[in-house]
Structures are given as C-alpha cells and as structure tokens.
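After this come two complexes, each holding chain A, first together with chain B and then together with chain C.
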Partner chain A sequence: MVKYILKRLGLLLLTLFLIVTLTFFMMQVMPGTPFSNPKLTPDQLEILKHAYGLDKPLWQQYFIYVGHMFTGNFGTSFIYTNQPVITMIAQRLPVSMQLGTQALILGTVLGALMGKASARRKNGLLDGIFGFLSVLGISVPSFVIGTLILLYLGFNLNLFPISGWGTFSQTIMPTIALSFAPMAVVTRFVRSEMIESLSSDYILLARAKGLSEKEVVNKHALRNSLIPMLTLIGPMAAGLLTGSVLIEKIFSIPGIGAQFVDSIPAKDFPVIMATTIVYAVILMVFILVTDILTAIVDPRVRL
Partner chain B sequence: MAEEKVLEVKNLHVNFHTYAGDVKAIRNVSFDLEKGQTLAIVGESGSGKSVTTKTLMGLNAKNAEIPEGELLFKGRNLLDLKEEEWQKIRGNEISMIFQDPMTSLDPTMRIGKQIAEPLLKHNKGMSKADAMKRALELMQQVGIPDAEVHINDYPHQWSGGMRQRAVIAIALAADPEILIADEPTTALDVTIQAQIMHMMAELQERINSSIVFITHDLGVVAGFAHKVAVMYAGEIVEYGTVEEIFYNPQHPYTWGLLDSMPTVDSSVDRLVSIPGTPPDLLNPPKGDAFAARNKFALAIDFEEEPPYFEVSPTHFAKTWLLDPRAPKVTPSDNILARWKRWEELKGDK
Partner chain C sequence: CGSKTSEQKNIQFSIPTDVASLDTTILTDQYSYDVAGNVEEGLTRVDSKGNAALALAKSIDVSKDGLTYTVTLKDNLKWSNGDKLTAKDFVYSWKRAVDPKTGSEYAYLMGAVSGANDIISGKSSLDTLGIKAESDTEFTVTLAQPTPYFKFLLSEPVYYPLDQKVVDKYGKQYGTSSDKTVYNGPFMFKSDKAWTGTNKNFSIYANPNYYDKSAVKSKQIDFQVISNANTGAQLYKQGKLDFTLLSTTDLINANKKTEGYTVFKQARTDYIEYNQSGKNASSPDAQKALANQDIRQALNLATNRAEVVKTALPGSTAATSFTPVGMSKTSTGEDFATYAKQDYSYDPTKAKELWAKGLKELGLTKLSLSLEAAGDLAPSEATANFLQTAYQQNLPGLTVNLKLVPFKQRLNDAQNGNFDMVLSGWGGDYAEPSTFLQLFTTGQSYNDGKFSSKTYDDAFKAATTTPDVLEPAKVDEHYKAAEAALYEGSYINPIDFQANPALMNPKITGLEFHSTGLAYDLKSAYIK
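After this line comes the complex of A and B, so read on.
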C-alpha cells in the first residue's frame, strides 16, 4: 500500500511537470500580449516586458519560472497591480473550497438518498419526480438555477442574504445552486447501480435469509452501489472545489473560479500557470484519494 | 412407514405479467414433500423449476401472480402470508441454496458475518459473539478447512466449491425443515459436485430436513432423491419414486431425458437429444404441450390435454400413451432395457 502510494505520488509529480511545461508553452501560442492597453507607447511596453522578464528568450523564461516555482515563488499578477499570485490564491482558494465542499456534501448525500429511493420504487411516483429533477439538474445551466434561487429564496422570500461572502447564511444559496449538478449525477448513478445490485443473486440470497426489505437494502444493496460512486466523486469533487465561475459571479463570491477565467483572456501568465497547477494538483490528489478509499472499502480491490 | 407430509403443493399456477401478455410459467403443479426425504424436480431450462422454488420461498418477481393453488406448510397456506410472516419463514423454516456460488455471496461482506446473519435475524436475543461461534461450527460442518482462519475472509478469496459450502452453511444456519436446492452443483466442477452432493446427503441425515432438489441433470438425482417430478412447460409430466422414474418411465419426455444421458456402455457415437424447443408459455399449445416434440405423439395429443394416469399409487404420468385405447409404442432400446431391469427388481421383491 505504502509502496503503491509512493509510486502514485511519483507519477503525480511527473504529470504535474508535464502539465506545467505544456501549459507554459501553449500560453505563448495565444494571440495578443498581456499588455493590451492602447495608451501604452512602445517604450513603455518595452519597460513592462523587461520588468516581467518577457523580453528574454522563451526557454530562459521557462527555466526561470520553473526555478522560481521550486522556491515557492509563483510570480506576481500582470493585471492585479503586482499582487503576488500566491497571495491571491491563498485568499480565494479557501472560499471556493468551502463552497465546493458544502455543495459536494449536500449534492452527494441528497443524490444518494434520492437514488436509493428511486431504485426501491422503480417507475413509481418518487422515481418519476427524482428522475425529472435529475434531468433538470443535469441539463439546466447552473446560472439559471442560481438566478432562480437568488430570485425566490433570496429576493421574494428574503430567507438568505443576496450576495457576498463571510457568514454561513451567505453560503447557503450558492451551495444549493452549486449542488444541483452533483445531486443530479449522483441520483442517476446511485439509482442505476442500486437497481443492478437489487437484481443480483446476493440480494436474492439476502431475501432468502428472511431479511426485511429495509435490511436487504441497507446492509447489502447500498454498500455495493455506493462503492462504485467513489470513482465518480473524485473528479467531481476536484471540479467543485476549484470553483464555479458562474455561481461565483451571480452571488458575488470572491472565489478562485472567476479569477482563473478572467486571467486567460487577460493573458495574466503567472495567474494562469498557478491556477492550472492548483487545479491539476487537486484533481490528481482526489483521484489518488478515491483510489485509496476504494481499496479500503472494497475488499476485492488491493493496491 | 407412515410418511409425514411437510409440504403439500396443490394445483399451483403462476403467471407472469409481461407486455406481451401473461406467461403461464407454472400450470397446475401438485406434489408432496415428506419429512426427511428428497424430492427432485427435473426438467430443461424454462420448464418452470426455478419459478416453483421461488414460489416456495415467496420470492417471485413483482410481476408474478398466483391465480390458483395452495402451499400447505404446517397447516398454513403460505400463499396467504403477509411479507412480514414470510420473513419469519424464509431462512428459518424454509431455506434455499442457490445455483451460482460465484454471485450468491455479498462481495463486500465477510463470509462469517454472512453466515451469522440469518442466525441473528431468527434468534431473538442471540448475541453477535454467539452467532459468530455458531457460524464457525456451521463452516466446520460443511467442510470448510481451517474455518477459524477463514471466517473473516471475503468471498472473492474463495473458490467456487468453497463458496457453495458457505452458501449451504447459510441455508442450514437456522436448521430449516425444508431446504430448497436450486441446481446447487451446476456451476461447479464435476469432482466438486460429487463432494457437495455427498455432504448434502450427510447433512440431511443429521438434521432430518426435507430437500427439494432442482436440477436439469437426471444423473445427479439417481443416488440422492427419493421422489422425482419431471417438469415440462410448467407442468409435472411424470411423478414417481426414483426407481419408478429410472426403471419404469412412462412419459415420452422422461424417455427423452433418460436417453440423452450418456452412459459408459452406450454404443452410440452421437449424443441423443430431444429435438425442438419447449413451447412458448405465453400461448401454451392446445392438447399436450410436449406433442410437437414427441415422436410418439398421437392424434389426440394435439387436441386434448392428457390427464394424469396412475401407474402405481406413487407413480403418475401425464400422457395419452397410458390410456387403455392407446396403441402400444416401442421406446428406445435404452428404455426397454430399463423396463426389463424393472421387472427383475420387482421379481426380487
């Protein structure tokens, strides 16, 4: 197990190196420059480029960047007036992570419960309602759901603060909005896993033991249908924890998602690089963690 | 010996609702099960064997309907039971051994715990420790070596034969009066088959339970069963003691099954099979369901369903060939040889 984890961590570093390299060079392919203000004179542009080291040959820039990276220096933003990128991420990432975690927990717990209920009464009324909800959750974009929640729960009913970040009550509406998609995905996944599990031989045997329907579901079917869900949650968690642009914009949340998207057209190279690295690390760590968790809960999987 | 009937199945009908219509999977099936005895139900795939067993456990699919029939067990008609009452019987008084040991055990639960589960369910107040102790004893009884070492194993760590022993241990946990074995050896190697059969016979002697043994293989039945019911297209076509079925078979379908059993001294170079396939039970054919595949079929077989003709007080067959007006037909040499052996057996008595 330890050997396996070390091997995976080694692979993770290798992948990260490839991502850094590829992203670095691909950014250069994008048209335009970071300094697109038309008022800048050519001399001023030269000064700016020199100040940020952009006048050096590309390969030199790359080695300088990688060298700095190892010392924990991710540069300063081109756009946000020389803020160190690391500070920006340190401020914004926790916000996105909190929101993402809340949405992930709400979405998967609700989704698992709804999926379980749907599977137990396949083609029944609840199954129909939950099926409809999950189709909505998957097909309706989050900004529509976010806006509707904002309008009804926030504005009309005045239940929660409309926007901003700081208190728990401010996190509730964005959490609900962000949890719709994972809830929908998990509902459908758990439903189909559970239906498959319920028609398996070991469930028939569990019934033949005289167990009640509830015991059959909770002791045998649920565990077997939740294990494959882990593989689904890993990448989903990485996506949620790294922020959602739309939800962050709608609810005016100072998360990392909006910043990442803004940085790309602005060609804010240090921000693009750093957020890509953060995103990649989170994704890879989550996949590793789910693999380890799967091995722990599923006796058939040995690392 | 006056035999005590443990279970009486009377005129059982089971239909399955499908989009295409009602599939009449079980049609007028009746049999008795006596204490400590084994009834083998033999038939090919789709003959209704498995549906019969699931009906005996109250475990039929949701689209099943039982329009008619009685399952008398201890003076009660099981078909009248509510789900909660069934739960007290399942795994306790009637339990079941399943066909495929590779898929019958929960892959994520330790085997010892799976064996202890019915014990905890049916013995109010039994502690977990006691249940595990009993599970260990059961594992030893069914011949699992080093049971104390393996009690915490997961199913995937075991071979098919060992898993089937675990499945049997689960079925035996609560000392059931009736054990239903649904092709328990079909998925196993032939050598393991013999071991499992031997073990089941031994266990039956010890706990004196009755067994309903489902199989498509008459060969497995010979040394093990007391009574045999041959099923075809949802009906029992012949019913008798194991000697009567093996040495005095009367139904052409039974002849076909016996002929298709290869023996060491059979001189044929081709395996014998019954031509054709079983009828569609969505629309059971008029007359005798087997008529279309029966080379001895009479004209009346296509018109009218045969009744059960009594061959002996314990032996019945559903074929017009037993009608006094029917012409004499000559079955295969194999069957004739069996009949001859039957005469000798009778002579011995």
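After this line comes the complex of A and C, so read on.
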C-alpha cells in the first residue's frame, strides 16, 4: 500500500510538471499582453514588458517561473496590480470551498434519500418525480438553475439576498443551484445500486432472519450502496470545491472560479498558472484519496 | 446592506468589477479609479462646471511662455494617518510614476513634464524630471512644451501625491488593500468594512483630516461589486442600491421608464478604421478599394448612425465628429464637438453613386471586405452585425465578412494593420480635444489605418505648438480644421458617442459625473 501511494505521488508530480509546462507555453499563443490599456504605444509596451521581465526569451521566463515556483513564489497579479497570487488564492479558495462543500453535502444527502425512496418504490409516483428531477439536474446546467432560483426565490419571493457573500443566508441560493447536479447523479446512482442489492441473496437472508424492513433497507441495502459512491464523490468534490465560474458570477461571490476565468482573456499569466496548479493538485489529490479510501472501506479492492 | 445611521442613509453605490488597486501610480481600470479618486486627491479636482478647480493647490501660477508652473499648496494639509502633506510628496510620487521600474501603465500622461519621456524609456535619470520642491508648500514644474490642459492632467491619479513613508513601509504591497494605503481625499477607508483586495462589500468614510471636510456631505458610502447587471437593477428596485450601471441592450430598454433612469455621456467614440496602408488587407482588391476615397466616402454615407444607436447602442448618440460631445469646451464656453461638428449624414443614394463610381475606377464589379470587431463586448458585436446588413443592402456588389474576435485580438490586429475595416473605440483621458485628435497624425501608432493627411497634420501641429498653442481661440480653430480634414478625406468613420445608462436614486444630490477622469465624484453627494 505504501509503495502504491509513493508511486502515485510520483506520477502526480510528473503530471503536475507536464501541466505547468503545457499551460505556460499555451498561454503565449494568446494574443496581446497583460497590460490592459489600449492606449499604450508599442514603445511604451516594450518598456512595460521590460519592467515585468516579459521581454526575456520564453525559455528563460519558463525556467525563472519554475524556479520561483519551487521556492513557493507564484508571482504577483497584473490585473490586481502587485497583489501576490498566493494571497489572492488564499482569500478566494476558501470561499469556493465553503460553497462547494455545502453543495456537496446537500446534494449527496438529498440524493441518497431520494435514491433510497425511489428504489424502495420502484416505478412508483415518487420514483417518477425523482427520476424527472434527476434528469433535469443532470441535463440543465447550473447557471440556468441558478438564474431560475435567483428569479423565483430572490427577485419574486424575496426570500434570500440576491448577491454578495458574508452571511449564511447569502450562501443558500448558490448552494441550492450548485447542489442540483450532485443530487441528480447521486439519486440515480443510489437508486440503481439499491435496486440491485435489494434483490441480492444477503437481503433475502436478512429478511429471512426476520429483520424489520427499515433495518434491511438502512443497515444492509443502503450502506452497501454507499461504498461505491465514494468513487463518484471524489472527482465530483474536486469539481465543486474549485469553484463554479458561472454561479460565482451570477451571485457576485468572491470565489476562485470567477477570478480564474477573468484572468484568461486578461492574460494575467501568474494568476492563470497558479490557479491551474491549484486545480490540478486538488483534482489529483482527491482522486488519490478516493482510491485509497475505497481500498480501506472495501477489502476486496487490492492496490 | 442597507445600513443606516440615525439621521442619514448611506449611499449604496455599485460598481461592476472588482477594485484592482488603490495605488494611484499604477491603477489602470475605471472602477478602481472611481474608488481611488474619492479617497485621494491631486492639485486640482474637476468641478461641476467641468473646470479644473484648485484642490490641494492654493494657487498655480503659469509663466507667460506656458512652460513653468509654480504651485503653492494649501496650508496644513494632512494625510489620513496625520502625516503632513508637503511638496516633497509630489516630487516623490511623480518620480515614482516615471521610474521605468515602477511599470506604471499611465506614466505616459506625465509626458507633458520636462524630461519625463526620456526617463520613462530609460534614457535619463530620475533627477532630470522637471519638478523641484522650493519649500514644504511650494514647488515648481517645468513642462516639455506648453500644454494648455495641464491643469486637467493634474487631477489625474498618476499626478496625485504619495506619502513616501507609507509607500516605503509596504513596498510593492502598497495599495493592494485598504489598510496598506494612506488617504488625502474627501473620504478614507477604515478597518471596519475595509477593502481586503478581493472582497465585494466595502465602505468609505468622511476623512476628518481633509482640508475641505465641510463640503463632504456623506459620513459613509457603501460600495458593492455586482458583476451581474440584472442583479444590480433588481437590488435597485428593491431599494437596496442607489446606483447601478445598466450594461446590456435588453436591460437598458427594459428600464427606460424606471424611476431614476439616467444617461451619463462618456468621452468615448466608437469608429471604423479603414486600412489605407496598402498592405495586409484581406485581398489585393480590398487593399486597392480602401485606398480609394470614393469607396470610403460611400461606406461613410451608407452608415445609418441614428439607426445603429437605436438598435445596438441605446443611450449613445450618433457621432457628428471624432471628438465626442460633452467632453471639453472652447474658449468661448461652447461644447467643442458641437462647435467642430461635421456633416456625417446618412445618404444611401449618394452612397450608391460614389460606390459605383469607385468600383468603376478600380475596374471591379464586386468586392469583399472584412469588418473586425470585439465579439466579447456586446455593444461592439451588435454594431458590427447591424453594419454588415446595412452595408450589403446599400452598396450593390459588396460582401461584408464579419470577423468577431476577442478584444485583445482586435487590438493586436488593429495595431499590426491586419484588417480591412475594424470597429475601434477610444476614450479621452482629459477634457481637451488633443486626447482624441492626437491619434491620427502621420505615423502615430494609434493611426491603425495608416493614412496620412497633410492638412490634418498641419492643423494638429499648429494647435499644439507655439505660438498658437498659447491662444485658446486659435487652438479651437485648428482642432476644428483637423476634424474637417478627417471628414473631407473620409479617413475614418465615427459611429457613436458612448454613454453609460444607469439607475440612480433621484434622492441622491451632489453627485458629479465627469466624462473624463474621475467619473463619479462623490465628494458632495448625499441622500436627501
């Protein structure tokens, strides 16, 4: 197991190195410079490029960047002039993570409950409704759901504040909007897993032992269906925690997703690089942790 | 939100993008400026009549030749931390701005000061800058050449003073959050509801050390960053916001009847540039055609500006010159653009005639031209779409290929001359026509179409150099002649003067809007 983890960590570093290199050179293909003022003449641009070291040959810039990276220096932003990228990420990532975690918990818990109810009354009315909701959740993008929630719960009913970040009530609408997709995925997953396990031999045995229906469903069928869900939640969590670009824009949330997207057309190199690295690391770590957890929970899996 | 003091309601102001910096030497975007300009101040501040009124300066004496400015500061000026604000703070700040190591994008605005351009390009040392402190309250400025609008430049952030002690303390971090900045303007930040560098809700408070504090009418103003304009409009209607910009065509049209709908005219002109460089056009035919004045004139006459504005740019007005209306005044107090108005009219019949004539001269029967515009700017895309259809309808044999690209790509293509027709935009930095008319002199790098007009060059030169530069009436005449030269040669095609439609609580009094420089001056603003 330890050997396996070390091997995976090695691969992780190699992948990260490739991502850094590819991102660095791909950024150069984009037109323009990070300097946003269209009034700068070519001469003035050259002076600015020199001031920020952007006039050096590309390979030099690359090695300088990688060198700094190893010392933990990710540079300063061009748009948010002179703000250290690390500080920007440190301020924004927790916001996205809080939102993502809330959405993940809400989505998984609701999804598991809905999946369970659907499986128990397969093809019933509730199953139909939940089935419809999960198809909706999977096929309708979060920004559409976000906009609808904003319109009905925010504008029309005036139940929650429609923008900003700071109080818990401000997190409710974006959380609901973001939780739709995980809820839908989990509902479908738990439903099919449970239908399968409810018809398996050990359930039959449990019933034969005279256990109550509640115990059969909760202790045996549901618990067994939740184990494979780990593999599902891992990558989903990584996606949710790194911020939803559109939801952050719609609800004016100071998260990392909106900042990442804004940095690209602005050619804010240091922000693009650092955010890409953070995303990559989070995603890879989650996948790794998921694999390890699966092995621990289910002894049949051998690493 | 909606915090109230016992007697007065705070203005709830919104801006559409994050504040990027409070460092007045290096901030570049309009909304950082709108915040910084209310917490910092320069020697002058543009007043309600559009004049550069004295602010930190008690007096500014200009020598007869227009080259030496003697500035005396008001007595007992103080920073928000209690430090004395002296002439040295200007010397330090101006040198920091032109220092190539600082990397200030607006350093070019300092070009009027003697020595600045050479320092910016690294050719000479900081000591050669034309500013010298004579005492704590007096300093002299030497200009590179007479600059009639220098008092307007003095109201710009790059010209603001800086407290060296504080800048040294925070180094590169200066201005990256409100606790790493010091203030000298009507308002200031406090630790309560501070700007952290990323947050979207923050407040500014009346600055007790401000010399003119009795004129400051609000104790506190709350800012919110609201990126979604629909949300902004909705919060306004719920009474939770007092000011929000309307940024999309739909939103503007939907809110024209809303109480508080206000249109702020900007000093920005959208215009089409024609590639007259003789190279890099989409085809040899296009190249030849755009060098032909009849063809260009036909395109100008086929432009229904009133209709473009109605369809694509609500709030804006049809352009009648390159320099926009509402930006600057002539020596007699008339609006410059009104005074220099040209006959940019829509005349499809004459357009057809000239088009046919032009094609015949070139030996062509049909022509394809590309029209490039920024696809990531909604109004720009809408304008290009409209013009494509209109041109093809009005000019037989013409095919217009739309090329919608990201803004930075458009900028690149325009600067490198890789286009046939490109929809460009220009905003003024200060309230004088040269901020626009400097663009099209021969060889100027913003002259993307690379045309050359001797009449234009002569007029611009006469307006900006001695002896006429010192006579305001003559300056006006020369600038008008430059506008006429642009029109006569059909070198460019001005489309519209941009505007910012907004929703503003009618109870707000004292908010000053300026089309150049600080857009929303909140110094005397309050809710009745």
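Throughout what follows, the second predicted complex is superposed on the first by the 291 of 303 C-alpha atoms of A that agree within 3 Å, B and C clash if a C-alpha of one lies under 4 Å from a C-alpha of the other, contacts with A are read in each partner's own complex, and residues count from 1 in each chain.
Just so it is clear, contacts are C-beta pairs under 8 Å (C-beta built on N, C-alpha and C of every residue); 3 or more make two chains touch, one makes a residue touch a chain.
In this text the structure is predicted, and so the values were computed from the model without any measurement.
Colleague: State whether chain B and chain C clash or fit side by side on chain A once the two structures are superposed.
Modeller: fit
Colleague: Could you figure out whether chain B or chain C reaches more residues of chain A?
Modeller: Counting residues of chain A touched by each partner, the higher count goes to C.
Colleague: Look at A:V66 in the shared chain and tell me whether it touches chain B only, chain C only, both, or neither; answer first, second, both or neither.
Modeller: neither
Colleague: Looking at the overlay, what does A:P31 touch: chain B (first), chain C (second), both, or neither?
Modeller: second
Colleague: So, A:H220: does it touch chain B (first), chain C (second), both, or neither?
Modeller: first
Colleague: Quick one: classify A:L205 as touching chain B (first), chain C (second), both or neither.
Modeller: After superposition on chain A, A:L205 lies in contact with chain B alone.
Colleague: For A:I79, decide between first (touching chain B), second (touching chain C), both and neither.
Modeller: second
Colleague: After lining up the shared chain so the two structures overlap, which partner does A:L40 touch, if you call chain B first and chain C second: first, second, both or neither?
Modeller: second
Colleague: For A:T87, is the partner it touches chain B (first), chain C (second), both, or none of the two (neither)?
Modeller: So A:T87 only meets chain C here.
Colleague: Taking C-alpha centres, what angle do chain B and chain C open up at chain A, rounded to the nearest 10 degrees?
Modeller: 160
Colleague: Can you give the closest approach of chain B to chain C, taken over C-alpha atoms and in whole Å, for the superposition?
Modeller: When the complexes share the chain A frame, the smallest chain B-chain C C-alpha distance is 48 Å.
Colleague: Where on chain A do chain B and chain C both make contact?
Modeller: none
Colleague: Sort out for me which residues of chain B touch chain A in the complex.
Modeller: 57, 59, 83-84, 86-92, 95-96, 98, 100, 103-109, 117-118, 121-122, 154, 156, 167, 170-171
Colleague: Show which residues of chain C lie in contact with chain A when the two form their complex.
Modeller: Touch list, chain C to chain A: 1, 18, 20-21, 23, 26-29, 100-103, 105-108, 120-122, 172-176, 196-201, 224-228, 231, 234-235, 238, 376, 406-409, 411-412, 415, 429, 445-446.
Colleague: Which of the residues in chain A end up touching chain B in this complex?
Modeller: Residues in contact with chain B: 200-202, 204-213, 215, 219-220, 223-224, 227, 297-300.
Colleague: In the complex, go through chain A and note every residue touching chain C.
Modeller: Listed in rising order, the residues are 30-32, 35-44, 47-48, 50-52, 76, 79-84, 87-88, 91-92, 150, 154-155, 158, 161-166, 249-252, 254, 258-259, 265, 267.
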